[in-house]
Amino acid sequence: MLKMDAAALQRFLSAEFLQVAEDFILEHVDMNGLTVRLNVDHRHLRPGGTVSGPSMFALADVAVYLAILSRIGPVALAVTTNCSIDFMRKPAADTDLICDVRLLKLGRALAVGDCLLFSEGDDRPVARASLTYSIPPA
Amino acid sequence: MLKMDAAALQRFLSAEFLQVAEDFILEHVDMNGLTVRLNVDHRHLRPGGTVSGPSMFALADVAVYLAILSRIGPVALAVTTNCSIDFMRKPAADTDLICDVRLLKLGRALAVGDCLLFSEGDDRPVARASLTYSIPPA
Amino acid sequence: MLKMDAAALQRFLSAEFLQVAEDFILEHVDMNGLTVRLNVDHRHLRPGGTVSGPSMFALADVAVYLAILSRIGPVALAVTTNCSIDFMRKPAADTDLICDVRLLKLGRALAVGDCLLFSEGDDRPVARASLTYSIPPA
Amino acid sequence: MLKMDAAALQRFLSAEFLQVAEDFILEHVDMNGLTVRLNVDHRHLRPGGTVSGPSMFALADVAVYLAILSRIGPVALAVTTNCSIDFMRKPAADTDLICDVRLLKLGRALAVGDCLLFSEGDDRPVARASLTYSIPPA
């Protein structure tokens, strides 16, 4: 069962991540995972007009975090312990990025999610990422 | 279009990887990816009766390799350049492992595939892996 | 032999990465690798007063990029294809981050570097990262 | 302080990992890390006469495990949760592999080590690996 729905997650983001909350829009959440959009803006771009690696990392990181919170609620202080990311294609510059997350493991101490990132409207993934979060004892 | 079907891939495995060919059975291949089974045997086990990490790595490695060959044919000398693997649950000891591969990128020089590994009959993944292969110029 | 020294790398950063150039200071470069400092500022912080994961990723990414350019010169359009990063300790909030890079491989098509990141003045690494860059044909 | 020296670690390996103990020789251990040798044998080879990826993975995995045990003693049931490995050069076929480990973090719940692997007598690394182990509560 979901502990936080899309509206609750978006409110959490606005309250806790003031600096970046406007970058990310929670599009959808269910028991299988969720979808987050990155509002691509000039500050996410690299020379040559492509979305920067750190912006893609940030999107995957926040998306897996929200997927965990959707299942355990807003109390946890989960922290990223590992990320592996493959950059596979050049994202379109003037197009939002869409990140689909699957939560593969939700244990007592560790959670693992993986993501595919797409330039909106193109079904070939621009990046793949997997992240581990450490969940502190309640 | 597939350049090698399941029978061709299994023959390739038998001819080129004599030492380990009997470990792996190609279950299914199509344009979306493929499924390989690891015949779990005592030599794949660790103390405590679980499939060893190197055996799971070997399964993911061969599965992505075969997924690439299914699309480019048996000529290439592709080599693994990177693997990231998350071990998420303890596999059952007396149960074959099933590895589902998606080929996420097949470029001229690099290919990326990701895998989920399952103990047969249990739909919670025991491991997740992503691999990059370097494909030499023709 | 180095193709770009510290001053040349810093000028390259200022010219090509206008948006982030002021964040990074090249401290040292030689044939074994280089050291880059992240000027930690409020925009790099997360709630709780720690440097954000994306800021650490960005530091590792730019540091390996500069290590490659120091050896092949400013002409190349190298792109990150893979990053694996382990976040091991909470960085101090009001302290610059120092990133030490070793270039482990510099091939014709692929380069691999690894990094340790430290909060200045503390010799326990806060993060470890390894990155692969694809180097396009000349 | 070390809880297990080289002789104790080698005995542990022989007792607990009967199947593979003869493959690995503990060369050196101190507070900074340790060195393990893989006795390269025909069963570690791939067609073309190179050491297989799974053999290199197994070497890195056992080496980080022993580095952790050297510091916390033989009681723990630590398990690998993540490995990222870069294969950078083709190892020599008739040459032992040497694996140097640094233990970067040894926390209550998680430990992180990284490795460089060399063909004996060549100082260019053939592979780089980083591994996370989960350490169960005492």
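Letters A, B, C and D mark the chains as written, and numbering starts fresh at 1 in each.
Here is the rule we use: contacts are C-beta pairs under 8 Å (C-beta built on N, C-alpha and C of every residue); 3 or more make two chains touch, one makes a residue touch a chain.
Just so it is clear, the structure is predicted and the values come from calculations on it, not from any experiment.
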item: Shared chain contacts [chain A and chain B, defined touch]; value: C, D
item: Relative to chain D, chain with the most remote C-alpha centre; value: A
item: Classification of the chain B:chain D interface as same or different, half of numbers criterion; value: same
item: Pair joined by more contacting C-beta pairs (A-C or B-C); value: A-C
item: Chain B and chain C: spacing of chain centres that average the CA atoms, whole Å; value: 33
item: Intercentroid distance (Cα basis), chain C paired with chain A, Å; value: 23
item: Residues within chain D bordering two or more other chains; value: 81-82, 84, 86, 88, 132
item: Residues of chain B defined as touching chain C within the complex; value: 81-82, 84, 109-110, 132, 134
item: Chain D to chain C touching residues, read off their complex; value: 84, 86, 88-89, 104-105, 112, 114, 116, 124-125, 128, 130, 132
item: Touching residues on chain B, where the partner in the complex is chain D; value: 16-17, 19, 43, 46-47, 52-55, 57-58, 61, 79-88, 90
